[in-house]
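Following are the structures in question.
Both complexes below contain subunit A, partnered by subunit B and then by subunit C.
Here is the complex of A and B:
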């Protein structure tokens, strides 16, 4: 891959200077210049002016974060400009208003001749007619031409229900077809890469996919081959479209041409419940929309947040959700009997047993391993509990590969949450060797592990057998839960509410998309119970209250309010 | 990438590239040079061109599939190019094409270039060959023939050895 242009352009403000234009007869002052896809100021276009006036202009090829191509013609809008006399003075109507020359063919005045709104700059006094009969006529004509060779296979198309071709056809198209000739057939079920299947017959040739991978990712893999109505999106024979961002083209594709192999034919989109959440696969924390139905997650799609991920996310993070529905999820509270067997128990019994043990434990004999995959609220509660029982605490770092686009080398979504709450110090993981050594020598007799497998973190399994009390709060079974005295089933972040603090210090809130299985409860809920059982203040019993308590105690979060985080977060300095 | 480009041809291509302020502007000229030499443009030829210009092969494939004069399969030893632009269409270009096809056992209604199974003859329609006053016009390889009657076409065929 060559050097990409900025994946996330700087957030530039529009110019202060304005131009007055008319949109559907209403005067509006719009900025003279607006940021383009790279955040550079460019003359404001007709499309942007209409958007600012609250009038949607249908479009396929235009996307605010891609270079303008101007090829689909869907955004044609009739317009007019003030007439100039030979003396270079405006020509006036009898009432003194400027005379406007409308965009019609000079030799056939009944024929509209609009301009593509996405690529035509506005000028002072310009009048835009996005709702005029002429504009409607042009839209009908463009849609008719786009549908000429379209297979009309909407009933089995994954895009149905969120397809711009369907939507614009309903709003601006015609109900009947005049086309009686044979349709051109193009390749179907084209295997473009490991995650993408292309149906060329549905493609409207907007080139969004080409521009994204060429101009943003720098992986110039896609092109248009053949000519005229045989135009076909393709990769070079023998090459694969397989960079880590390919699935963004499925979101960008306005029709059902590019489809995700993962989501293809899985679910009709209108059945999906949409929940705003965050990707937890790395410390970037891309904003996502979770699509689920009846407690099953079917897809993640990026949710726009210019401060974090723009419109995009990586393929790896997008597809990292299936484990949430794994059949071997921990779904029972379990307590080890004196016989050595684990037995199903209740939250009351299990937490009581943990609390009783902790109350007797001597300071320095307790260790808490708190995963940086837990929410900030949970890390905060664990810190409170840790201070109360004099525990030594740490988290487990996860380093991997990062890239120049979005992917961060830190694979924990919330190490900054662990930092902010004091669960880890300047160097996460630096206490781990001490803890492991303490377990081995018997200096540490009680361990609470939340979301981490100690054996994987380097603690020999035999040492764990020496512990008086091993509490494992986790989601999936592992070597630690298998040896625990108390197993507490927890929730994936997609099953609870809370916040993560990303690598840039963005405090991001997420909502609950699906129910957790069986006995599983959000960790913050039972940690509040445990904290109370250890003599902590009765405190809040909802997530908002917990967040506000934390914001009062944790300096970097001072002054934050749950509701003010919104769905796109607030940046703090870690 | 197994294209064997002779040093002389590569030198010629390097000169072509030097004529343009941007390397990629030489794409079409290089493709013509390669097709003149090899007779057609293989996948390797496209990859070679892309590598030469610092492009992706897909960029070159777009050009090759856009312009009808580029071939992605070998053509016959003798290539009959029959003009079908306006003057020739009015002056009997279609009849001429049909006659050639019939003589060679090819389908006059098929789209694009056709080659006889023995690889000897190709017949295709082309656009204006710039001798509109002497329609119908055809070319056999690089040789130009004007006001060609079906009989003359047959004679041309029999001259090809």
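Here is the complex of A and C:
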């Protein structure tokens, strides 16, 4: 494990010691201390106590993984504390229960006073009234204040449908306004950086974006200029907001002020189907939610997983999805005719041709290149096939720049899956020179390439022409698919189910977000068919069964069950 | 006969008295510091030993000195809250951001007799184990900053500041920091943020009580200029003598800034509670009365954020009678003793000691519009109710003052103000809402009349009958 940072704080358990408080009249014992945004134990707050009691306290500025600001005042909650007599003993009611002093304004004892639940610690015997008339009145007033200068342009706002102003307006708002003055006007369509556009009029000045980029990313680029009602979020003059984590501020923004250039005006969010998945851009495996409509992906947003990515993901990974919908996707099963032309074929014909060839192949004459972008299940099946035909196997490493936050230097999402299943040894890629040399000399006459372009991996294109059989299972056309005898169209991970094992050994399951184009099938499906055709056991024909088979065979996965992986995964030791 | 009692300003206006250190030394300057630094350990009746520092802190507590900045909190108690066991340095900040409209007392000290502030600060720092202190001075007072820097330089040259002060081993450095022109920098946690080089957003309390998590998250004392100057006098005369000045629980002297429609506006140092509001306005030793032919309309007793008093108001105050029993007595506005407790009981506050007098020529709606515009402009905008509410009230009042008042406006204003007070991060919420609440409640008829007049005027112009209300 890397050292915990404010970006990914340690996961701390609440204290065992509890305090009894009342929430809306119900007694509840809550931990005396709970982790703060940095994972440090701090006295439990009124907001945390209400959450534990199952009562939502509305808020804008509070976020469990950001320093507390206390500025929106939406979480003001009326409360009471046990009265103390001059003898420092609790004052009791006639029935023996402690007398509670409701909080009031010191200078106006008839008026209830709230405390911000996000920052006020609880004390023994405290009573919280998150549903009282006074609390509701305070919320309505704060909401009214937030709306008087808001442009109310929901019909054209990207946040509509997932906007806290809208949601709380439904719960605590008024249908009409009594504001008869002129609204404050602020900058619109502010080009904050390469990926972010800001509408200052929609901003509620909660400062989540400022705190995130200053206190978590360490890029003190955002701030507030002007004052009072004219306060305006801005990037430091003359600079651009352009670190690799800027788009998280769009997620954090509770309203439609910060918008993603990639997503804005593309799709109304309520039309989006949301599918839990994993980012495949590097070995960190950030958990994501895929937003799609009618088989088109419109955005990825980070999905909370404190063991992997917290609430965050990098901009690069987030925007790395457009290729899935590319128009040149491999969408046909193709078989090369004796004339040398590739012709559209069927899965039955193509797989039969591959199986026939492999049955005849001599041990040592077959190589399998299995991409570490394939799922663990697919790598497992390729390993099974490889053992059966006596193939040399390897994968292609992808190294790049990492950072101190989420970006891993290993750009393959599943090299640990390749390690666990035995597709690669201690040093991934170490067999590649031998395979390339074997292709050149003719010692290797059959190559199965899944998800990798051999030419890009260093094999001269003319060598590939000497092969008796080149099978390319891939997603997009490349120099290898162009020379293959059999082309098998596969699925992007967003189009299928499976698991990746991230750099820290987290086995993470993902679901299918969209349909693959044309003939394309998930690799695990046709590899199961191929494995059977090669004499393998009839085995399972669904992903759950395949996973359980793999878990029985692969030592590091021993005992794992598909259903128990959940949506946040399980950590194993690689 | 009511008169001034000059303690802090004793020398300030003497002919020939200059703000330089030689003049100060000729008038007994820094003798109190010498005395304080040399205080021997004292044995208490119970056998416990009290260090020099503890003795000074004890004296300040016993003197009954209450903060002169606005809140009137016991200075000795404030010092007692300081976390002395954190292992972190303790800082002291002199709040010289005098910004409350109507207030011009601290600048008299700074401009005319700055060394007593410096001496008071050194004593306060010594008493609280402070080795680094700041004077945060309002950006609009460049001359004050220049004089303070000059005074600090002179004090350093004389060995009152720096390393090993007067050979006692006590080290102290004081720096002057100029603000950039924002009222909110007078709020102590906003001041601290500003001093740290940030936007002066007041901090949330809890957890950021300055006594525990102040400047650079270290224990910090923030005291007003006049308060620190008073420390010097308390130590010079002793807590017993000091507490005989003024009235019980309202001890000592304070400098009152008197402005508005009086013949002799200016600053007056009085024994707290020994002079009434009426005397301050009308007596020849103070305001000298209103301009000829005018009648009193209203008084703001403690800076523009204090709730306004209406001429002729009567208040029920709790007073200790001759028999020692608490009794309720009815007191006329002009008979209110000018002290912390009486004004608070009368529903307002003595605040920064700034009295703004308004005679019957005053347009009360216009006056409130003016005050509200100030608070709308000075709201830092950090928290929602004040950020949006302050400007909202100001816009509504501007509209009312410009012929577009509505009958509904008084209640509209009251409701907006009530949604601010008590719900904000700092007391600015009160500062912005109290003038509105008090003006509208006490001069309701003027606001109502304005609404009725403007609505009927508008109805005539458009040929429509105003909706019945």
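Here is the rule we go by: the second predicted complex is superposed on the first by the 564 of 574 C-alpha atoms of A that agree within 3 Å, B and C clash if a C-alpha of one lies under 4 Å from a C-alpha of the other, contacts with A are read in each partner's own complex, and residues count from 1 in each chain.
The rule is short, and it goes like this: contacts are C-beta pairs under 8 Å (C-beta built on N, C-alpha and C of every residue); 3 or more make two chains touch, one makes a residue touch a chain.
Everything numeric in this text was worked out from a predicted model, so none of it was measured.
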Touching partner for A:111 - first (subunit B), second (subunit C), both, neither: second
Touched partner set for A:11, first subunit B, second subunit C, both or neither: neither
Subunit B versus subunit C as contact partner of A:227, first or second or both or neither: both
Between subunit B and subunit C, more extensive residue contact with subunit A: C
Contacts of A:237 with subunit B and subunit C, given as first, second, both or neither: first
First (subunit B), second (subunit C), both or neither touched by A:76: second
Touching partner for A:148 - first (subunit B), second (subunit C), both, neither: second
Which superposed partner A:176 touches (first subunit B, second subunit C, both, neither): neither
Residues of subunit A that lie at the interface with subunit B and also at the interface with subunit C: 223-224, 226-227
Subunit C - residues contacting subunit A, complex: 182, 199, 201, 204, 206-207, 376-385, 387-392, 395-396, 399, 406, 412, 418-419, 421-425, 430
In the complex, subunit B residues that touch subunit A: 43, 46, 56-59, 61-62, 65-66, 68
Contact set on subunit A toward subunit B in their complex: 220-227, 234-239
Partner subunit C, residues of subunit A touching it in the complex: 68-74, 76, 105, 107-108, 111, 113-114, 116, 119-121, 138, 141-142, 144-146, 148-149, 178-182, 184, 204-205, 223-224, 226-231
